[in-house]
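Below you'll find a set of structures to go through.
The two complexes that follow have chain A in common; it is paired with chain B in the first and with chain C in the second.
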Partner chain A sequence: MTNGDYYQLLKLLAPEWTVVGTVLAILFADLQFWRNRSVAWRSAGAASILSLGFAAAAGLLIWKRAVTADLLGGTLVLSPTSQYVKLALLGLAIVTAWLCTEGEFTKHVGEFVALIALATAGMMFLVSTENLLMVFVALELVSLSLYVMTAFNKRSPRSAEAALKYFLFGGMAAAFTLFGFSFLYGLTGSIHLPTIAAKISWHAGDPLTLVAIVLVVAGFGFKIAAVPFHLWAPDAYEGAPAPAAAFIASGSKVASFFVLGKLLSVGLPGVGGSGAWKAFSPGWLAVVAILATASMIFGNLAALAQSSLRRLLAYSAIAHAGYALLAIIGGSQPALLYYAITYAVTSVGIFGVVAVVENRTGNEDIAGLAGLRERSFLLSVALSVFVLSLAGVPPLAGFFGKFYAFAAAAKLGSSLGYWWLVALALGASCVSLFYYLQVLKQVWVAPVPEGQGKVAGGWVVSILLALLALAVLVTGAAPELLIRFLK
Partner chain B sequence: MLAWTIYISFAAAAAMFLLKPDSRQGARVLALVAALAGLAVGLAGALQHAGGGLVTIQKYPWVPTVGAEYYLAADGISLTLVILTGLAAVVGILFSWNVELRTREFFAFYLALIGGVYGVFLSFDLLLLFVFYEIAIVPKYFLIAIWGSTRREYAAMKLALYSFIGSAMVLAGLVAAYVVSGAQTFNLVELAKYPFPASFQNWAFPLVFVGFAILAGLWPFHTWAPTGHSAAPTAASMLLAGVVMKLGAYGCLRVAMTLFPEGLATWRNAIAALAVVGIVYGALVSLTQRDFKFVIGYSSVSHMGFVLLGLMTLSTIGLSGAVLQMFSHGVIAGLLFGVVGRMVYDREHTRDLDELQGRRLSRTMPFAAVTFVVAGLASMGLPGFSGFVAELKVLIGAWQTFPKLAVIAGVGIVLGVAYTLRAVQKAFFSGDQEDVPGAVHGGHAHGESAITLPEKIGAVVLIATTVLIGLYPKLLLDWIVPSFASPLFDGLRKGGLL
Partner chain C sequence: MPALTDLLFYGFAGLALLFGFLCVANPLSRNPVTSAMFLVLTICSLAGLFVLLNAFFLAAVQVLVYAGAVMVLFLFVIMLLDLKEEERRKLNKVALGAGTVAVAVIAGILIRAVTSAKPAADKLVEGTTKPLGRILFTEYLLPFEILSLLLLVAMVGVILLSKKELK
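And then the complex of A and B:
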């Protein structure tokens, strides 16, 4: 390793440095200048700094979008795809930061926004490495930031409970992941994914390999809230401050899916086994197929019974984790990323609407949306776009995401592959339409409750929500606009 | 040019929200203008493409990654149904001139539905067709759930779920066909050339066919239809029966039958049997209904049975009869629902035949009575109306292939006469209004307004259409029959099926 390498590293990491610098700038400005300002002022200020800093980082990413690099034995691996994924993460973080201006859940809003930025930094490192240790460290940076963000509403016992559950499950999952990594290292003598890939196939039938696979998948199953590692999700979604829940549901999902996909397809290609009908053989494909099955069935059925909007979203997120796993099984990275990114945009948008509505009405139930059409046309239309996209109705992004993922899973060479999983996923989508329509029924059909005035978010949030809805529509109607960046 | 039918409808739906929330008249006029424009474009385009061959309208790469194209085209079958859609859209708006509740949104959903329907009839890329097919589901839900009547939320959800389940089956079949063909294309014309293995066709065909046929009211998957039709507001019932059920039948013919001819050969008898059960069952159930709209709803199931039976005959005469029956039933069912939903229900506030009995509506609303009698005659299949030609052709086709089933289907026609006459008699011609105590009909005496001009225009247009096609079916058959010569149906011909 020469000094030249370090200089190269510094240069390539410019976007990450910018993000970390933004963290410090937010903390500094909030502590030094804004102590005596109102919370609303400080949250808008912090979000503005974050937006500026992230815009600069995004500019650097776009400038260096064609870069490919592999430094320090896979510690930093850059490709155009990873750059675009980072762009998406920055965008999601900006929206999340502005959601902090809706509702005062804390006085220390500068720190909260700084944590968003810190988590983003973690995600950016997470998507640009092929080194197990680096994956773990980045994952912990993300997780710790998110735990704290979940707990940030100190006045709410539910926030504390949610954070504790999230933290305990998360700690356990991290331990599993690390344990699994240690087995992989023990089997192959390497923490570099391509090296592992080259050597792991010698141990294809080895029970130890299977243990390692199960442990690793379990750890990431927690991050993406796949059954049976989903137990934290409903509580975290319900108790966390809206921006924290939004970021858990969006940025964290994108990064985790990207890494899980890479880990399995780059790091463990030789030990996939199979989950095809009547041809089960042990390996990660079989494990992931089981996880996807359980998530789609359980998530959708449990969502049917929810009356709280946020819990409904949590169970719907579990179901969607199942659908996205189909893209991993199909081995299609563009399908996975298309799904994860459009899903994240949709989720952050829904949480935006939820934040505004809860902030103005204090009602967290689905019934609290009653008559939203009269109270805010923009929010109603945006929410409808997001919810219908989750339901998979074309021409919205959720439809093409599902189609792309399902088509990938259905194709195994030139014959039908995981058709049983695709059939199940399609059936599950039909079930999901029922509860998504329950939400829209409140918005468009239910009578307007008396004595309820207009609902409106701040203008920045309103514009962002409109843009997100537009993005869901455009990427759904013309998927190629997004896909061409993900190949 | 025909593509503008789609764009105009969607643009007008979006433009509704530029109007002031309370501008009812503006919304009506905008909707009517858009629908008329759609119909005009449809007619003009149809005349341009006279001959019935397959004409490409627009073809661009859409999602090259998966090989999907934005491919709009038309043949005689599409043209027939596009014109039907235009007609139904215009008349539906005329019959919903009195919608006062959230008028703007009503017409926005209405036009979005129309746009989706046009899209289905003009798409020759399967993914695109599927997208339009699904776009049509959501507006249906809201039209019924917001503006509907009896058990509207239940009926709306039932309809939405049935549609969604059907489309999920279709999607499963399409993805499977896409993967198995390995052709990286959704172009229907290309895929229809691919010889899918017989074992594959044997399960893919019923999947796709039944998926579409759910929407066409195939027995035993028809139960959404009567509840949906009755709960829907008048214009939506007219569209549901008039056009949406045709989406299903169209999908069966256009997609399932052309892609999987060998699967069709395997399942043909079973589906023909189901179709005939639908004909007789729908008629019998219709005979016992008290709710006027349920009578028409079940009659739709019965008439759509003829469409499906016609498809299964696999002879040019039967197939063209089926397509003609789609058109004919679209017009007649629209008319029947218009009379029942708008003219009778909106004024009498009941659809219960036992309650209507005794009001002798033929006196208070002669126009409605005359219209319904004419529509009823058309529905029975009286010569001179379009229904006669269509059902006759289907029966002739069926006679050649399924003689026994043809006889049973003939019984269905007789039953059709029975339930129609029963409804006519109960609703319009029984009791004597003078004898009824004032307290009973005092309720409707003040609310009863004369049949309005838009209703009259709408009714006359539909009656004129059914008579025109009844007297001169060649107008449509000249488009429909040559369509079966297109390469799309080569698979059927090769199998000796057509």
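And then the complex of A and C:
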């Protein structure tokens, strides 16, 4: 490497360094100037700094959106798609940071917002690499930040329990991932995905390759909360502070799905095997198909029995991980990214509503939403848009997300080999309508409880929630607007 | 007549397995401190394996950091826990059975996988500090720099989680 190479690296990574600089600015301002301010003031201040810094990073990304680069053995691979995914991650992080102004779960809100920014930096590195070492390091940066964020509410034992479960499962999953990566390295002598793809060859029933695939998919299955690696999700969603849960459900999912899709389609295209009906053969397609099946069935059935809103969202997230895996099976990156991004926008919106309602009423059950129509019209409409989008009702974004994902899986192979998976997904979506409509029933039909006043969030959060609902509506009504950036 | 390095490899590998087993399932003692000490021995055996692979720096770090610094922390944590309760705890027969079956199955798959595999032939690397330092600041510069962010997260997290919440 010459001096010019270092300079080029610095230039290409300008958005990432801006994000890291934002972290330092938040920590410095919170420590130096705001010690005697109220928590509400400090959370708004930290969120403002984060918004400004991330807007600058987003500006840099848009300015250099047509960039393509492949540096240092694939540790830094930039493409227009990766730049747009980073833009989405920055947007999700800004909304998450403003959610900290709803409810006082900690006094150290500056550090919390800084951790959001650090996790975002990790996600940005994660989506711009084709190197196993870099994938692992960036994944750990994201995970570690999220574990700490989950444990942030030190007054709540449930927060600590959730964080411990998340951390222990996460550590185990990281070990699985690393073990799988080391086998891939042992088989091919490389950690560069395209080189791995060129060198890995399929000997019929070569168990070592299969073990590597299973281990890698198991590790990522944890990140995306696919059955049977989902056990942490309901507790983490329930116990974590609302912004932490929102970020786990949104940004972390987008980055993990992107990198899992890339890993399987760029790194292991030759060892897919098949999960087609009556033509089953070992490979990652088969493994992912099993994961998708289990997630869709278990996630939807378990969600039916929930009375806590957050646990319902956790099981719904598990089911949605199953749907999104169909897009990975179909090998369609635009379908996967459209699904992941619209799902993330919807989730962060729902958690925004949850944060506001919980903060004002202290009730975490679905029944706590009773009569929301008269207590806050804006929240009711926004929540309805988000929930209907999750249920996949046209013309909202969730419908087209599912449509593209299912179509990608249906088109794969000859003679509709994956029809069984698509049929299952359609059936599971129908089941999911029941519990989504239960939520809306509370909002629009259930009687207004006695002695409950109006519910209203801060004005920034209200504007952001309205914008998110609008985004779900617009990207659903005109999916081309979003999907043309992801091709 | 096997070469000396082969003999050393089998020696260190066997010791690592033996100490590793004694670390998790010592039939003579259920004292966590004994387990920690066997972990030290396991790590030292692994360091021997690294030396055989020419990874001298890694071997030194393994002993200094893992057998030294990390184990001291382990011992501190063990001392802060209630050891008596751990020693009184009965073995859960069902969990033990399920665990044994799971480990046996995974071990079977791995043994079959590893024995049937043909690993990619790789050049012998130089594991001294100079080539390692060079590669860290050229090819692996980016992951190396990101590790510093990782340490920042760990530092912020540890301070916040361990500090007493002042009301």
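Structure notes:
What we mean here is this: the second predicted complex is superposed on the first by the 479 of 487 C-alpha atoms of A that agree within 3 Å, B and C clash if a C-alpha of one lies under 4 Å from a C-alpha of the other, contacts with A are read in each partner's own complex, and residues count from 1 in each chain.
Everything that follows uses one rule, which is that a residue touches a chain if its C-beta (ideal position, glycine included) is under 8 Å from a C-beta of that chain, and two chains touch if they have at least 3 such contacts.
Being a predicted model, the structure only gives us computed values, none of them experimental.
By the touch criterion stated above, A:188 is placed in contact with chain C alone, chain B being left untouched.
Contacts of A:426 after superposition on the shared chain: chain B is touched, whereas chain C is not.
Shared-chain residue A:36: touches no atom of chain B or chain C. When the two complexes are overlaid on their common chain A, residue A:155 makes contact with chain C while staying clear of chain B. In the superposed model, A:107 makes contact with chain C only, not with chain B.
Of all the residues in chain C, the ones that touch chain A in their complex are 109-110, 112-114, 116-117, 119-122, 137-143, 146-147, 149-150, 152-154, 156-157, 160-161, 165-166. The residues of chain B lying in touch with chain A in their complex are 17, 61-66, 105, 127, 130-131, 134-135, 137-138, 141-142, 145-146, 153, 157, 160-161, 164-165, 168-169, 171-172, 175-176, 178-180, 182. Chain contact summary for the complex, chain A toward chain C: residues 1, 6, 9, 20, 23, 27, 72-73, 75-76, 107-108, 111, 114-115, 118, 121-122, 125, 131, 133-134, 137-138, 140-141, 144-145, 147-148, 151-152, 154-155, 186-189, 199, 206-208, 210-211.
Interface residues of chain A, counted against chain B in their complex, comprise 334, 373, 377, 388, 393-395, 399-400, 403-404, 406-407, 410-411, 414-417, 419, 422-423, 426-427, 429-430, 433-434, 437, 441, 444-445, 478-480, 483-484, 487.
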